[in-house]
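In this document, chain identifiers A, B, C and D correspond to the written order of the chains, with residue numbering beginning at 1 in each.
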Amino acid sequence: MAAPLLETRNLSMRFGGVQPVRSVNFSLAEGELRCLIGPNGAGKSTFFKMLTGQLVPSEGQVLFRGQDISHAYAHQIARLGIGIKTQVPSVFDGLSVRENIWLAANRIHSRERAGNVVDEMLERLGLTGVAERLVGQLAHGQRQWVELGIVLSTDPELILLDEPAAGMTYDEVHKTAQLVREINRSKALIVVEHDMQFIRMIAKQVTVFNQGCVLVEDAVENILRNPLVRDIYLGKQAAA
Amino acid sequence: MNARVLNFLGLGLVGIVGVAFLILTPRLAELDTVLDLTVYMIMAILALSLALIWGYGGILCFGQSAFFGLGAYTYAIAMFNLGESTIPLLLAIALPAAFAALLGYFMFYGRISDVYLGVITLTVTLILFNSVNSTAGPEFHIGVARLGGFNGIPGIPPLNYPGNKAAVIDLEGMFYLSTAALLATYFGLRLLLASRFGRIIVGIRENERRAELLGYDPRAYKLATFTIGGALAGFAGCLFANWGNFVSPTIFGLAQSAQIIIWVIVGGRGTLIGPIVGCIGVQWLSAALGANQPSGSDWWARILANVPLILGIILVAFVLLVPKGLVPTLGEFGLWLVRSRARRVATGLKPKQAEKG
Amino acid sequence: MKLNRRRFLQSTAAITVAGTLGSSAWAEDPINVASIHDLSGGLDIYGKPMVDTLTLAVEEANAAGGLLGRQIKLINYDTQSNMQLYTQFAQQAALKDKVAVVHGGITSASREVIRPVLDRFKTLYFYNTQYEGGVCDRNQFDTGVTPAQTVEKLVPYAMKKWGKKVYVVAADYNYGQITSQWVKKYVTENGGEVSSIDFFPLDVTNFGPTISKIQTAKPDFVWSALVGGAHISFYRQWAAAGMRQSIPMASTTFAVGNEHIVLSPDECNGMLVCYNYFQDLKNKTNEAFVAAFHKRFGADYPNVTELAMGTYQGFRLWAEAVKKAGSIDRMKVIEALETGISIDAPSGKVTIDPPTHHCVLDVHIAEVKDKKLNVLEDFAQQKPSDTAAVCNLIKNPNDNQQYVIKI
Amino acid sequence: MDLIALLAIQVLYAIASLALISVGLAIIFGMMRVINLAHGEFLMLGGYAAIVATSNGINIWIAILVVAPVVVGIIGVIVERTIIRFLYGRMIDTMLATWGLSLFLVGLTTAIFGNTTVGISAPLGSFQIGAYRTSGYTLFVIAVAAVTLGCIFATLRWTRLGLIARGTMQNADMAAALGVNPPRVYAITFGVGAALSGLAGAVLAPVSGVFPTIGVAYVAKSFITVIGGGAAILSGTVSAAALFGTINQIATFATTPVFGEVALLATAIVLIRLLPQGITGRFFRRGL
């Protein structure tokens, strides 16, 4: 089997007393699509933050293509080719949709090239209509799309999606799922999601987080059957 | 598209007005008016320097006067030692820029942000004030130039045409120079902001974390912005030292740095023309209030001629009522007018169509 | 509407009447005189009284029929303790108002800002403040006292009274620096020693450490050249530390900002000062002046300060010269002044010293007693010998600089 | 030996006065994230309040300890109601508004009281330490500082208002969660902060005198102290005041007031560079 694209070796995070992530060993192959599930506070977002350099791990390593990036700055990691769509859309509210995408495309493309890339991306995400609107004025769903567009425009090797379907209508969810699959043809993804239907639509392999540890890792159908998962996760959801 | 057209129209307008002002003023206005306008132009450059780093770079700098003062002092000291103004002028830009770069590195690479930036910059300018203020003794001199402490350095030799000591730039010359410099700065900054760099610093202002996750290093961009701002302020300082032929430590003082912030606030953050307007407006006002003091003890007259009082009210009023600043608000008002006009026209048309149909 | 028109007609009528009256009353338009002083900000303590006396002087002159049959218009600028405005207003006064003379400037800094501007635009300049001396400029006249006129007198007096060991505390700028040098000179000349000279920026308010230092030095008396509102706290803390009884104090800056009125008697009684003018001087001119001043600005007016009187006398000297020259033309007035014009002023006889453009005047030593300044000794007609040592505008009229007098 | 004692007192005094002039600002900043640039003028008004009161025959102690804080406290509440409350969450705008307010107050006091420095002479004579004499009032200032900080501690620790206060310091929504209406808390907080500033101004009036522009001398220092101290009101102010006060005073005694000042400011810069969240942002986080 080929060397993994991304690998973490007993990665841990500690804030004072609490320890949201505990020695996680995780591995993702080139071009793989992996789903990350687990109840709130299982450490998924913290995990993502460490992968993208927003947090420096207290222990352990993050290897991207065998290179240790656990102490790299966020912008360096981004340049290595890891993009993230955060849970709460993080976009440039004061700028127009076009400018948002442009800022991303501009980093990797020449000035004239960037222009075209932006147009294509707007087209692809169906944002052409609102291209000149300020992102701050858009609806939540659309902001999600804009952020996705930003991430894609930097053309990363690995894309982290933190709850891409959150707060979306049913057909928006569908659209997103389609897009994710389409993206996956060329790129590796890690998707954090609660929405089981969405997961069914996209996932093959699923990793379950619980209390900062990897609980199980298995094919989606087995996971859905796994009673343990049901208890700690679906059970909770059902209760909620 | 439309926005872009308006944008170009605006630029053109500013250009035309600016040049007209540059050419006509000395022919039409009294000499003293020209002299006043000269200093307003110079201060407007200072205002622009803060407009860049605060309004666009999102860096709250309470110590812009530090670079302004450094520029002025550098020019003065170099001038007394060299006597020919080309190198002093360049120094007056380079030194503050270097200082800004140093300070910026210290702050941004130390991940210091918002209020803390404010405090550090404020503190720096206060340190400069205190230090320079206590150099009255004869032992404090750089080359032949006495620093002069509280009294400052009077009788600074004016700029001369590069290379020729004798050809000193006269009062009108100073006006042309300052106004031209202001226009150049304005259009220079417009270019800068339209460039990749400009768009990126605005992006960083909007959402630093996101910019970082896209692979931009905010620290570097902020540092660059801060340095440019420092250079501009230094240049303004040099011109200022020329205009009054003196410089004193109050240039580093709290009042001075505060004033710069007022200009930007009143004129409008996130615009360039705004701070220019704010700067000229506020300065003109405090000069007008200061002149023609009532020479009596009439209480109300005293109130009305009481400059801090009036300025204070203006500032509070602006923050409460016109938080965006003069220019953006007027802009919006203008747009609103146009729109409602358009609407009225549209509604006016409807019945006609009805008749047709 | 109709009513409005009637109103309108009435008012216009009124205006025209007033207009004709005005024009008929005065053959020519008034003579402009500019006052450029700090009326707000840190230095207004000094500026306010100066402008008040100047106002009175102008009003008196106008009441007496003006100068050369023309009324005098006082144009009053507030520089808000801001150097930039000094330049701007000096330019306005010279170019826009076309004033015959500018009275103004408080700190030496502000003077050095105004001076070149008024030189450039050929406008006569009176600097009416007590200062460190040494300015030599044909376009400028200085009516304030300089160290040689006051320090020279007060030092030996104080040393005779208290002893030979002196500790100097001074404001950290030109005036303080130079004055303290003069103090040192005269102290050593009189066989005493200056144990230390400490300088304080004008915004310092905490003198605790210094007071301890002075206690360790144990001088016979302290010489204060402190200036401005903040420095008043020195006297307070000095008294609060119980030092006033044990170590006395002399000064040529105290009371210029009415410190002796601000402070309570037991904070500054017994302090010695030396100036050209004291409000309680016993002579006809002064009593008349004080009466007039109180009539104009209220009997509760705290005190007419040294600087205020300097300004008053400055205007009077200029007016005298204008009469003599029969013109307000700058050079004519300067020449008139250079004949050594003198006036009978509230402070006694004041005469322009032609070579230095400073004044020959009386000085008095006084003691602070219960918010009053009791004159102890008078010294008639003191010459500005310090400036005279370096400056002679009769020999070389084109000299134009401030000398740092070698001490 | 007795010189050491004297120095010790002066260092203590420096710390005390720094803490006094900063604590009002600290409360307002710590609880409302509002940086009040009119703080210096609140101190100035406190001074004037005390002086006017005494000159109208009110006992000096009452004037300083009661009248001044009450008057300035009321002014504070008025300011909060008329200006600050429109600007919550807009830190920069608040700074600018309050700074406009400070100009306004300076202008107003000048118009009313004129420009001459006024003051009251320090009561409580002086006392002897070995060969040295020093002002008894110095000790009074230290005492007032101690008591004030003590009261604040007690309030925060044991009263309901204190609980709410600590809540708001931890997170702003907490006050609402505790079922009190934030507007009232804010108004009270601002009033209290202003009152403390008034007290400080009055206490220091006999030492440094009062004039309309004296606020400038205070505001930068207290501003720096508060930011240097960090979010925690008490521990922050005290620790920062202790650090800056000591350095300032010793440097002053060893060299000149200027270097004292510069030393203080330089320390502040280094401090903020090392601990961007202020002293308490780093150490005793849970401090009051």
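Following the convention adopted for this analysis, contacts are C-beta pairs under 8 Å (C-beta built on N, C-alpha and C of every residue); 3 or more make two chains touch, one makes a residue touch a chain.
Keep in mind that what you see is a predicted model, and the values were worked out from it rather than measured.
**Q** Treat touching chains as neighbours and tell me the shortest step distance from subunit A to subunit C.
**A** Step count on the best path from subunit A to subunit C: 2.
**Q** Can you work out the whole-Å distance between the CA centroids of subunit B and subunit D?
**A** Spacing between the chain centres: roughly 33 Å.
**Q** In whole angstrom, how far does the Cα centroid of subunit A sit from the Cα centroid of subunit D?
**A** 48
**Q** Between subunit B and subunit C, what's the gap in Å when you average each chain's C-alpha atoms?
**A** Centres of subunit B and subunit C (C-alpha means) sit 37 Å apart.
**Q** For subunit C, jot down the residues that touch at least 2 other chains.
**A** Touching at least two other chains: 40-41, 172, 199, 201.
**Q** Please list all residues of subunit B that touch 2 or more other chains.
**A** Residue numbers touching two or more other chains: 130, 133-134, 255, 306-308.
**Q** Quick check: what residues of subunit D touch more than one other chain, meaning two or more?
**A** Residues 107, 110, 216, 256, 258 of subunit D each touch two or more of the other chains.
**Q** What are all the touching pairs of chains?
**A** A-B, B-C, B-D, C-D
**Q** Using the touch rule from the top, collect the residues of subunit B that touch subunit C in their complex.
**A** Residues 30-33, 35-36, 39, 130, 133-134, 136-138, 148-152, 154-155, 243-246, 248, 250, 255, 286-287, 289-297, 305-308.
**Q** Name, in rising order, each residue of subunit B that touches subunit D in their complex.
**A** By the definition above, subunit B touches subunit D via 60, 106-107, 110-116, 118-120, 122-124, 126-127, 130-131, 133-134, 254-255, 258, 261-262, 265, 299, 302-303, 306-320, 323.
**Q** Under the stated contact criterion, what part of subunit B meets subunit A in this complex?
**A** Its residues touching subunit A are 3, 196, 199-200, 202-203, 205-207, 209-218.
**Q** Which bits of subunit A are touching subunit B when the two form their complex?
**A** 52, 54, 73-76, 78-79, 83-84, 86, 90-95, 99, 102-104, 106-107, 111, 132, 150, 154
**Q** How about subunit D: which of its residues touch subunit B in the complex?
**A** Touch residues, subunit D against subunit B: 35, 83, 86-87, 90-93, 95-97, 99-108, 110-111, 216, 219-220, 223-224, 227, 256, 258, 261-262, 265-266, 268-269, 272-273, 276.
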